[in-house]
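One chain, chain A, appears in both complexes that follow, with chain B as partner in the first and chain C in the second.
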Partner chain A sequence: MNSPFGTQKQAGGRRTMSSGASNAILLLPALSLCMIFIFVPAMLAISGSLYSYGLTSPTRDFVGLGNYIKLVQDSIFWVSLKNNLIIVFGSIVLQIGIGCVLAAILDRGITFGSTFFRTIIFMPVIVSAVAVAVVWLIILDPNIGMLNKIVQSVGLTPPSLGWLGDPKISIWIVLGVAAWQQTGFMMVLILAGLQGVPQERYEAAALDGARGLRAFWYITLPSIRNILIVAVLITTIGGFKVFDFVFVLTKGGPANATQVLGTYTYLQAFTLGNLGYANAIAVVLLLIAVLIGWLQLKVSRQA
Partner chain B sequence: MSFLEITNIVKDYGAFRAINDVSFSVEEGEFIVMVGPSGCGKSTLLRSLAGLEDITSGSLILGGRDITRDEPADRGVAMVFQNYALYPHMTVAQNMGFGLKMAGQSKADVKVAVERAAKTLRITDHLHKRPKMLSGGQRQRVAIGRAITRSPDVFLFDEPLSNLDASLRAQMRVELGHLHAELGATMIYVTHDQVEAMTMASRIIVLNGGDIEQIGTPLELYNKPANRFVAEFLGSPRINLFDGKIAAINAQTASIKIDGIADHLEISLSSDSGPMASGDKVTVGIRPESINDTAPWKIPAKISVIESLGRETLFYVNADPVKTLDPDAKDPLFAVHKSNQITAQIGDDISLGIPQEGVFLFNEAGETVRYPITQTAP
Partner chain C sequence: MMSKFRITKIALYGIMILWSTFVLMPLVWMVLASFKTRREMFTAPYDLPSALTLDSFERAWGVGLGWFIANSALITVSSVGLIILVSGTAAYVLARAKSVWLRMAYIAIVVGFAVPVAAVIVPLYQMVSAAGFVNSYVGLIIVTSAYGIPFTVILFFAFFLDFPKELEEAARLDGCSKQQIFFRIIIPLSGPAVASAAIFQAVFVWNEFLLALLLLNSPGRKTIPVGILQLQGEFTSDWPAIMAGLSLATVPLLLVFIVLQKYFVRSLAGLGK
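Up next is the complex of A and B:
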């Protein structure tokens, strides 16, 4: 066709094809990685959860939803889930609560040394969770640990079973160690939000009669609402998928007092050799993570 | 005693003095405009009045009450910010009623006050919207509405129109003028835009380097500037200034020698002329609109730039060897204003007729020693 319209159409068609092909090529690396490390393992876990088999079993017995029925009746699963919820809600209160207060102090409370304090508080975030847990393991050791000595030096008695050996307090100790590492991250996240609130907004509020706590409630919190929601979601996801702290500090003990879904999955898979059952626990964890991830995406888009 | 007494205000930031012993008073219902270049202390002074800056020394008395150390909300002032400073998470109505809510007023009272202010500002239809859904002009109205709702004794405006485009700024200037007349409120307005100052003010305060240069009505300041700074600051295009020297002087006349011009500029003196002596260096000033074709004393020049604005024409002309004293200009050109349409070409010769009636003289200290005699004093 010699008409200009024909020529245009051809050129347009070529552009679309090449743009489609280049999009596909650009997406390929990410998609391949997702496929290998997320989708395929997830599919294998879902299909594996329908069988009963061990690490070295030559065959797999199809049990349908049997593993899920067993799960519902398993008290340790419920203890693990409860512990996950304790870590989730405890982390929200500790990490976001303290992070918020620290961020507010660094943003408006102190006039010098804020960079120094910010760096110090953020430092644990860059250390691996395993290293943090090992350090705390030493601090909490009933024989050589620093904490026992500090408690004794102020005239108090440390727990006789040790900080991590007492089932009544061990989950709270794990929660505290996780908070020690992660609060710095929350502080930096919230601080970024606070620093994005224009000074004039606070000045207008001061003229309207809102200063101090009233300004924090009516101006600061609504201004960083979206960041707080994201912080809650990040903490929630972290609380459900927690493994490293618990594994290094207590391995889920004593008497499952710190067992969480992550360590319970590991226990069933690699200690007890129930891979099918471990897959079922992992699928439940996956469903929880997908639900929260969907919520996070939705909130992020709104923000 | 005046409605607002500002006495010996000093504001230091460490070793830097932002406001230097400033005193003035404001009568109830006045529209005071504070102008000056960036860093002159006008915004600092306004923020000190609002209580957003603690002053180093001095006192603020509003309606007979000492408010120097009062909290911002307790001073009886409301402020409109340059960037509006609206609360983005609140609706327009909530923004406007927030001050009253904080003051513990009932929901019904807040609603009445908000609706009344919204009606005044014609934003009733937007009360349920969030600020991000509004245009710049509407947001500024909401910011003004927030101030009105609190029924303050004094309204403070910190360059409220500088974020708006030129046409909206002109419209808002008129609206603010109407609002001032309608509310009869005392307003203090900070701007660096001398057009806003000239068009809206009952009185203008010109600030420079933390000091007050002059206080007066717009025409007083335009016609009788206390010094060269005020003369230069008010007027657009700015006043033409060039060097001269007093060749001869008596009680009635002075003869000014201008380098490069053979004839002396002869000007009459009057009782309000300042002290001058033969041989004194002076700065001669002439407003662009005062230059005409008929004055006998002329400076030959060539047109460099023509700005045809429809109802008026501005020429920027090179009067070499007479140079204007404009530190900001690359080429020191004379500005000439004609209040009609004139057809001319760049490079055309033009004679700048300097009528002696329109001449300002400033001494070496920058003080005005001779005012023009043609303008009608206010």
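Up next is the complex of A and C:
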């Protein structure tokens, strides 16, 4: 007998439950939660994107691809997509780059105080993004914020519109705040990989004259290739998931300069009440997510 | 030769101290600023507080911080329990799976990890609202759990693949069902995996913002992240009160982390597999 949950193997009157039924009992709670709250809404977002409707409107007008035609002509949509990409690539450079350097120093550069440094640098990871963003709002305050004082003390002029008020730099500030919080995560992830690199490999390289930076480049980096791929994937997924930082730091402003796909969906849906159009933005985000999820599957270990 | 070695050491320590200071400064200032008076905050924002006043803590607490913390604790404990239970059992079946259907189920769950809440928030909100679960703890717990499951399944899946199969085989020959094998043999031997998954999900659920913002918004029912935002909105210029609220919401968690940091770090080690 074939059931969707596997072939029943125990033949012949044993009073144990069939393996298919066992599998179903163990698997279905998780699978159905994911189906109901992730995949069903994803499908509804796709179908909803073909309609025009509001939060309280009783009717939905079918508009076909109308929302998508509007979307490609909407400059805020393109700004949002660009900002997501800035955060993805900027975070890969900052968080993985700096995380890698810090991890390498902790692994082989220093011994005294390494637990101390590791603990401090990881600390912000467990603080909520909202709390982090509120603290930074005050640090970045254009009147008495700490960053202004520091910049002035070295003789430079802070931006006259404020760090988050200047549309040219605000997205980079968001990127910086994210790096402040997340770099410790990457550092610890990469450090775990580094500690798995066998000592003999470094000794062999040292005999060939590769030490310090050369050893890092030719021995360390290739040895942690897999962990770096995981780090890039996690950062990329995070870069498209970003919502909290932008929502609290800038609300997507000034003049939508820091809008990302997540916050723009929220704005269209819950502030402006254009649910159909919000769904169309969300579908773009969804397609990107599925693509990355598929990539992740390709590199993740399979049975 | 010796001096070059020492210069390198000093440079390496320099980098570590620089980044640690950058990380620590906002957190230290957050705590210090909580003890200042509002006046002091504007006259000397970066000096040590002249006296340790607790007024700002009282003002922050008055917003309902105690409730925010209690709500977050309730939702975190329930969600993490649910996530660990259902993800553990599912990952076990999937790690032992041979059928195409089960492979597809695993693929679906992995892809689910990449789906941002914001991408499905409109239909999701309408579904929860139509079911009458807006402003219900149960509603938020179930929905948040659904978003914690994929990552936890991936973690457990990698762990169970490495699990020695001989023990399970022996139990099966003794007539144990799959559920019995899972709960009596696998789980007791999976302490480290359960601990690391629980730590990850506790941090995720405790800090989750978008779902909590939309699904739990009546005054007494907010979680900490949503409550902090309310605090910031209400005390626009009362920075000491905002900082006091932030300190109360984050410092206990940071202390827990410092005590348990070894486990946090270890829990990350399995990710790269």
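As a working rule, the second predicted complex is superposed on the first by the 284 of 303 C-alpha atoms of A that agree within 3 Å, B and C clash if a C-alpha of one lies under 4 Å from a C-alpha of the other, contacts with A are read in each partner's own complex, and residues count from 1 in each chain.
Keep this in mind: a contact is a pair of C-beta atoms (placed from the backbone, for glycine too) under 8 Å apart; a residue touches a chain by one contact, two chains touch by 3 or more.
Predicted model only: the values in this text are computed from it and were never measured.
J.: Please determine, from the superposition on chain A, whether chain B and chain C clash or fit.
T.: On the superposed model, which is not a single observed complex, chain B and chain C fit side by side.
J.: With both complexes superposed on chain A, which partner does A:Ile169 reach: first (chain B), second (chain C), both or neither?
T.: Neither partner.
J.: Could you give the angle made at the Cα centre of chain A by the lines to the Cα centres of chain B and chain C, to the nearest 10°?
T.: Taking chain A as the apex, chain B and chain C sit 80 degrees apart.
J.: State whether A:Leu85 touches chain B only (first), chain C only (second), both chains, or neither.
T.: neither
J.: Does chain C touch more residues of chain A than chain B does, or is it the other way round?
T.: So, of the two partners, C touches more residues of chain A.
J.: When the two structures are overlaid on chain A, which partner does A:Val151 contact: first (chain B), second (chain C), both, or neither?
T.: Neither partner.
J.: With both complexes superposed on chain A, which partner does A:Met123 reach: first (chain B), second (chain C), both or neither?
T.: After superposing on A, A:Met123 lies in contact with chain C but is clear of chain B.
J.: Is A:Leu102 touching the first partner chain B, the second partner chain C, both, or neither of them?
T.: Only chain C; A:Leu102 stays clear of chain B.
J.: Of all C-alpha distances between chain B and chain C after superposition, which is the least, in Å?
T.: In the combined three-chain model, chain B comes within 9 Å of chain C at the C-alpha level.
J.: If I apply the document's touch criterion, which positions on chain A are contacted by chain B in one structure and by chain C in the other?
T.: Shared contact residues on chain A (touching chain B in one complex, chain C in the other): none at all.
J.: How about chain C: which of its residues touch chain A in the complex?
T.: The touching residues are 8-9, 12-13, 15-16, 19-20, 22-27, 29-30, 33, 41-42, 45-46, 85-87, 89-90, 92-95, 97-99, 101-102, 105, 107-127, 142-143, 145-147, 149-150, 153-154, 158, 161, 175, 177-179, 182, 203, 206-207, 209-210, 214, 224-226, 228-229, 232, 239, 242-243, 246, 249-250, 253-254, 257-258, 261, 264-265, 268-269, 271-273.
J.: Within the complex, which stretch of chain A touches chain C?
T.: 4-7, 14, 16-17, 19, 22-23, 25-27, 29-31, 33-42, 44-45, 48, 98, 101-102, 105-106, 109-110, 113, 115, 117-131, 134-139, 144, 146, 149, 180, 183-185, 188-189, 191-193, 195, 212, 224, 226-227, 230, 237, 240-241, 243-244, 247-248, 261-263, 265-266, 269-270, 275, 278-279, 282-283, 285-286, 289-290, 292-294, 296-297, 300-301, 303
J.: Under the touch definition given earlier, write down the residues of chain A that touch chain B in their complex.
T.: Residues 198, 200-201, 203-211, 214, 218-219, 222-223, 225 of chain A touch chain B in their complex.
J.: Using the touch definition from the top, list the residues of chain B that touch chain A in their complex.
T.: For this pair, the touching residues of chain B are 47, 50-52, 71-73, 77-79, 81-83, 85-90, 98-99, 102-103, 146, 150.
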